[in-house]
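The structure under discussion appears below in the form of C-alpha cells.
Think of it as A, B, C and D in the order they're written, each chain with its own count starting at 1.
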Amino acid sequence: MSLLEVQDLTTAFMTGRGEVNAVEDVSFSLNEGEILGIVGESGSGKSVTALSIMGLLPSPPARIAAGQVRFAGQTLTGLSERQMQPIRGPGIGMIFQEPMTSLNPVFSIGDQIMETIRAHERLPQAQLRARAVAMLDKVGIPAAARRLDDYPHQMSGGQRQRVMIAMALACRPRLLIADEPTTALDVTIQAQILDLLMDLRDEFGMAIIIITHNMGVIAETADRVLVMYAGRVIEEAPAARIFDHPRHPYTRGLLECVPSLTEDRARLVAIPGTLPEPARRPAGCRFAPRCAHAEPSCTQAVPALESLEPSHTAACFRARELSR
Amino acid sequence: MKRLLIASCLASAVIAGPLHAERFTCPARGGDIVFGQEANVNSLDQMTSNTISTRNIAMNIFETLMTRDENNNPILELAESMTAAPDGMTYTFRLRSGVTFHNGKPLTSADVAASFNRYNRIGLQRSTLDNVAGWDTPDPMTFVIRMKQAQPTFIEALSSFSVPIVIIPAELENDERQQLRTIGTGPFRLLEFTPGSHARLGRYDGYSPNPAFEQRTGFGGYRVACVDTVTFRIVTEASARVAGLETGALQAVEDVPTRSLEGLRRNSAITVLPLQNWWIQIALPNTAIPPTNNLAFRRAVQAALGVEDIMDAATDGNFRLNIGFQFPNQATYTDAGRETYNINDPQRARALLREANYRNEPIIILTNRDYPPMYNAALVMEQQLKAVGINASLRVVDWPTSVQMSQRLNNDEWHFFHSGWGTQPALGALATMQFLVSPNAAYRPRDDRDDPEVLAAWNAMNNLPDQAARNAAFATMQRLILERAYAYPFGSLTKVQAVRSNLQGFTPFRIPRFSNVWLQR
Amino acid sequence: MIRLATRSLLSAIPVLLIVSLISFGLMRLIPGDPAAAIAGISATPAQIAQLRQDLGLDEPLLFQLLQYYKGLFQGDFGRSLLLGKGVLAATAERLPVTIGLSLYAMIFTLIIGIGCGIIAALRQNSWVDQAAMMFAMIGISVPNFFLGLLMIILFAVKLGWLPSGGYIPFTENPWGWLQSTAMPAFSLALLQAGLLARITRSSMLEVLRQDYIRTARAKGLPGRVVIFKHALSNALIPIVTVVGIIVSLLLSGAVVTESLFSLPGMGLLLTQAVLNRDYPMVQGGLLLVTGFLVAVNIAVDMLYAVLDPRVRYD
Amino acid sequence: MIEAEDIPERREHRATLRRLLRHRLFVSGLFLFGIVAVVAALAPFITDVDPNRLSMRNKFLAPGGNWVFGTDGFGRSLWSRVVWGAQLSMIIGASVVALNAIFGTLIGAAAGYFRRLDTMLMRVNDALMAFPAILLAIAVTSVLGPSTLNVILALSIVYIPRTARIVRSSVIVLREMEYVQAAVAAGAGHWRILRHHILPNAMAPMIVQLSFLFAYAVLSEATLSFLGVGAVPPTPTWGNIMSEGRDFMREAPWIITIPGIALMVTVMGLNLLGDGLRDVLDPRLRIQQ
C-alpha cells in the first residue's frame, strides 16, 4: 500500500464571483521513500494541492469539495484541526518557499525547533536541546549549539531554509512536502539545499513531494513527476520519461524553456499567453487557447488522464497522435 | 463684664426652650454617620483657612475661647468666665478645668498663649489682634489679653468663626501654615484624613462638655458626641449626594438641589432640613467708571430689578426675600432703605435712564460659573436690564479671576459684580459692612475714596461705646448704601440639608454639627 | 539596549526643560489671584491680601522663576499654595490614585481591547467580528465623561448600586477600592479599549496572514500555541507601540474622570490647581506628570526591544 | 506622480471618489456627519426660539409636545440649544482642522524638509505632546480666558504638534525619493520642490488625520465646556448644556443625554468617515489608530 493516496481531490475557494475550484480531480499516490515532483506555473494549483493534503488552507474561504487524501492508511480529509495536529510533524513535514518569512521573527530558532518536537513527544529539556542541535548539525549549520539561540534575522536565507528543513524533519516525518524550497534562494545555495534534501532522504528514508515551477529542480531530484495546469493534473510519468518523452503539449512547452539551475527566470517564453484565472477557465481543455495543436474539438470536453503506457498518463485528446 | 456671660446663658435658654430644661444626654449611643459634603477640603488647619469646607469638619474637632451661639451672639467656650476691664484695656479669661486635648494632655493657659502666638504669626485673620499689645499667663488657668487701645468691638471680633483662633496644644505652636497637626479639645477627634476624598472623625471619650450650658448652641454650648464615628465624604455631584442619601450610603448631605426636594419630602426615611439665611445674594456696581458712577443710572438699575425672579433662578426656588445686610433673627437687623428693594418698575427705570443720559453704552455683568447661584442671578439680571433698554452682557470668568478683577483699582472691565455674602452677615453687621469701606469697598469708588457719609457711619459703628448707638449707625450705613445704590442685595439664599430620618438631633447650622446628634435604632 | 535607554533618557532632558518653561510661563499668564481662589467665597479682601503676602505672591516674576529653577536643581519642586505641602509630597499622595485608576482602566482596556481584537480577527467578517468592531466604534466615539454620566445615572442614581464619588484607597480596603473604582475605570477604559480592539484586530489579521503562522500550523502545533504564542507575540509589537499612547490618553482622560467621580488623583489635583491658580503645584505637577509619561514611553521603547529581537540586536 | 498632468489627476480623483462612495463605512459616516452638518447649517431656520431665552415658567419640561427636546432648568428650549450647539461644534471643529491644516503642514514640512530646523521644532513639538492633552488645553484656555475663539486656539495648540509630526514623517520619506532628489539635482528651489513634489504626496495621511482631528476637536471642546473651561455660558455648546444639566440628572436626565447622543453621533460619523478615507487614501495607515 502506498504511503499517500490522493483521490479526485477538488479544492474550492469562495470568491467574490462565487465558488471556484482551485484544484480539480487531482489523484496520485506516493510510496515510502519516493520523491514526487509536482511542476506547474504559479497558480496551477500545486501549492493548493500540498496545503490541501496538510489541511492548512484557511477555511473559509477554502474547502475540500470532493475527493479524499489518505496518509498511511488514515483518511485525512474531514479530520478536524485538532485531529490533524499529530499528523503534521511526525507524519508529514512541510517546508515553504520563503525562508525569510516562514520563520517566526520573535523566537529563537532553537525555540522554534524544540517546540515542534515538544508538540509531539515528551522529552526533558536537555534532550530537546540535544535533538535540536543534532538536527541543525544534520542540515549543515556550523556551530549548531551556539546558533540555537540566534534569531532568524541573524541568519542568511540559505541558513534559514536549512533551519526550516531541520524543523520539518525534527519529528522524523514519513513524508516531507517541500513547496518551492529553493525558489527564493541564490542559485548556488539552491543546489546545496537540493543536495541536502537528497542526502536527508537517504538518511531518513522519508518520501518527498517537491513542488516547483522549475524543471531543472525536478531533473535533479524527482523519481516521478506530476505536471499540473490550471488546477488539473495533465501528465504524470517517471522523471526520466517526462524529460525524454513528454506527451502533453504543455509539458513539452515547459521543457523547451527549461530554466537551468543557472538561470532562474520562471517565465515560460515558449508558451504564448498566460495561465487563466480559476474563475475564467475556458471550457474543454484548459490549455487549448494556448496550445499550438489545439483543434475545435479540444474545447468541447475536458480531456481525462489517459494511460499511454505503464506509469505514464496524460490528459490530451491528441496525445497519441502528437507524440508520434 | 459678667453681663455678657449672663446674656449668653439667657440666649441659649431662649433657644433651648422649656422642653429642654435639663442637660442633654444621648438617647442612643454608637453608630457611624457618613456626611456627603459638596466642596473639597485641602487642609484642616483652621487658623490658616477660611473656607467653609474646612470649617465644616474642623469645627467639630477644635474649640475656641469664645464663639457664637445659635443667633450669633458671643458666648464662652473653653473659658468659664471672661472679665473685661472697665477701660477696655484688658480681658481676663478663666479657663474651664478638666478640659483635655485629644492627646490626653490637660488644657492650660500656656496652650492658649501658644495658640495665640501661632495665630499671630500665620493666622489668616491676624488683623483681629492688631489692637492687642500682648497676652499673659499669670497662672495655668488664667489668660489675659492686653490691649494697645480700647476696641468696643473686640469681643465680637475675637468670637468670630470666620477664621477662629482655635486652641491647640502648646507643642504645635510652630507647625507651618496649613500643616497644623489636628489635635483639639472638641467632642470629636480626627481619625483619618485624605484630602480630596474624606475625613473620618471619632468620638473623643475624654471630652468634657461645657457645664455652663444645658444644650448645644451655635458652635458651642453643652456638647456631647453620641455616635462613634462621623465620616465627611466629598461628593461633588449633587445627584450622587441625593442618591447616596436615598440608598442610605450617606446619612446626611448638604446642598440638596431644589429639584430633588419633592421626591425627598415624600420619602419617609428622609428628613429635609432647610438652612435659611445661608448667604445674601448680591451684585455690586463699579462706581469708578461711567455709567455706573452715575447715581441715576445705578438707581435705574435698582428700579429695573425684580428680585423674585433673580432669587428664583439663583436658588432654584429656595430663598427668602430679605432687605439689607442682616437677617431678621439677628439683633442688628434693620429694614432701613426698604423702599429701594424689589422695585421692579421698568417705567421708572426707563425714566431714570433718561435722567442718567444713558446712551446705550455696553454694560458688563461680571460673574463666574464656579458658584451657580451667582451665575444664574447674573443671567436673570442681564435679561431684566435688557428689558428696560440697557445694553447688558455677561462676562463669565472663574471665581478667582472675577475676584481679582473686582478688586483691581479703577478697573474698567466690568460694571456689576456678582457675589454671595455668607459668613460675614452671619457674623454680624460689623463683619458685613467692612465690605463697603475702603480699601475693601465692594462698590469700588474711584481711587478708593469712600463716600464720606458712608465712612462716617462706619466709624460710628466701630467706635461708639454703646451697642444701641452702634446699631443705629449700622442702620444709617445700610440706608445710605441702599439709597445710593452701592450694592444690590437681592435676598437670602436657603441651603437645604437633608438627613436620614433615624438621624436625630441634627439642626442645620453654618457647619454640620455632629455633637448632640444620635442614630435612633 | 543600554545605549537605547541612555539615548532616550538624554533626549528626554530638553523636552522636560521646555515643559518646565512652558508650564511656568502658562501659569504666570493666567489671570486671577491664587489668594482669592484659596481663600474661597467667604474671604474678606483683607484676608485675601494677607494670604497673598503670606504666599510670597508679591515677589517679582524673574525672582520667582529663578527660585523655581534653583529649587528644581535641588530636587525641590516647590510648595503647593493650596495644600501647604510640598509638590513632591502632594504628588506622592495623589499620583498613586491616578496610577491605580489608570492600571485598573488599563486592565479593562487590555482585556476588552485585545480580547475583542483577537476574537474579531479569528472570526473575520462573521457577525462576531462585526459586533466587536461596532462596539469598538462606539467605544472610540463616546466621550468618557458622557459615559461616566450615563453610568452614574444608571448605576448610582437609578439603581443605587455602586458608590459614585467617595474614594476608598486600595491599601485600606482592596475590595472597596475595586468596587468604588470600577465605574470610573470602566468609563475611562472604553475609548482606549475601542482603539486597542481596532489595532489588535488589524494587527492580528496581518499576522495571521504571515508565512510563519502557516509554518507553525504545519509543524502540528496546537491551535492555542499558534494563536497565543506565534500570532499574538507578533501582533503585540505594533500594539505595544500604542501602549505609550494609551497611557498618555488614560492620564489625560483621568483628568476628566477624576473630576467627574471626585477621585483624589493627580488629574483632579492639577485641574483644581489650575482653577485655583496654585502656580507651584501646576508647574511642579505638570513637570512630574510629563516626566512620568516620558518615562513610560521610554519603558515602552524598552519593552518593544524585549518583544522584538530585531530591534534588540540592532 | 510628477508627470501626472491635470487630466489624469482629475480622473484619478474621480476614481478615488467612486471608491469612497462604494466604501460602506465612509458612506455611513458621511450620512451621520451629514445629518449633524445640515442641522447645524440650518440652525436659524429650524429653531424658532432663541437658545438663550429664559422662560422660568417652563423649566424642566420633558421632551415631547411643544418642546421637542424639552427644556432645561431655565426653561430654555433644548432643541434650540442643541441645534445651535451643533453649529458651534461644527465651527469649532472646522476651525481647529483649518488651523491644523495650515500650521501643522507648515511646521511639519519645515521640520521634515530642512534638517537644521528639525531638532529645534521637534523638541518643542515633543514637549507640547508630552503634556496630557486635556490638562494643556485647560491651562491654555485658563490663560486666554474662556471663549469660543480661545477654545479653538487652545485645541489648535494641543493638536498642531500631532499633525506636524505626521506631515513631517511623510515629508522625510518623500524627501529621499528619487524623483525629489532628481528635482534637487536639477536645481529646483526648495519652495517649488515642497509645493510640487512633496506636499501633494503627503496629503493622504494628512487628510485622514484631519478627519479624525475633527472628531477629537468636537470631543475635546465638549470636554472643556463640561469642565467649565470652554466656551462661556450661556453659549449653547453641547458641553455647556451637559454641564448645566449635571445637577439635574436624576430628575431631568434628558438635559444630559440629548446633547450627549448628538455628540456621540457626530464623533462616530467622523470616525467612520476617517476610517473610510484611510482605507481608500492611505492603506498603509491601516494599523495605526
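In the analysis below, a residue touches a chain if its C-beta (ideal position, glycine included) is under 8 Å from a C-beta of that chain, and two chains touch if they have at least 3 such contacts.
Labels paired with UniProt names: B = ABC transporter substrate-binding protein; D = ABC transporter permease.
Note that the structure is predicted; figures quoted are calculated from it, not measured.
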Contacts shared by chain A with chain B include exactly C
Going from chain A to chain D via touching chains takes a minimum number of steps equal to 2
Nearest to the mean of all protein Cα atoms is the Cα centre of chain C
In terms of mean CA position, the chain most removed from chain C is A
Set A-C beside B-C; more C-beta pairs touch across B-C
Chain A and chain C have mean C-alpha positions lying a whole-number Å distance apart equal to 52
Cα centroid separation, chain B vs chain C, in Å, comes to 40
When centres are defined as mean Cα positions, the distance from chain B to chain D in whole Å is 47
Whole-angstrom distance, CA centroid of chain C to CA centroid of chain D, is 23
Multi-chain touching residues of chain B, meaning two or more other chains, are 237, 239, 242-243, 370, 397-398, 401
Residues in chain D with touches to at least two other chains are numbered 142, 145, 229, 246, 249-250
Pairwise touch list, complete, is A-C, B-C, B-D, C-D
Listed in rising order, chain D residues that touch chain B in their complex are 54, 56, 60, 73-74, 142, 145-146, 228-229, 232-234, 246-252
The chain A residues in contact with chain C across the complex are 54, 56, 81-82, 84-90, 93-94, 96, 98, 101-108, 115-116, 119-120, 151, 153-154, 164, 167-168, 171
Given the complex, residues on chain D that touch chain C span 123-124, 126-128, 130-135, 138-140, 142-143, 145, 215, 219, 222-223, 226-227, 229, 242, 246, 249-250, 253, 256-257, 260, 263-264, 267-268, 271-272, 286-289
In their shared complex, chain D is touched by residues of chain B numbered 237-239, 242-243, 257, 259-260, 263, 309, 312-313, 316, 369-370, 372, 375-376, 379-380, 383, 394-398, 401
So, in the complex, the side of chain C touching chain D is made of residues 14-16, 18-19, 22-23, 26-27, 29-32, 137-138, 140-143, 145-146, 149-150, 152-153, 157, 195, 198-199, 202-203, 206, 238, 242, 245, 248, 251-253, 255-256, 259, 267, 270-271, 274-275, 282, 286, 289-290, 293-294
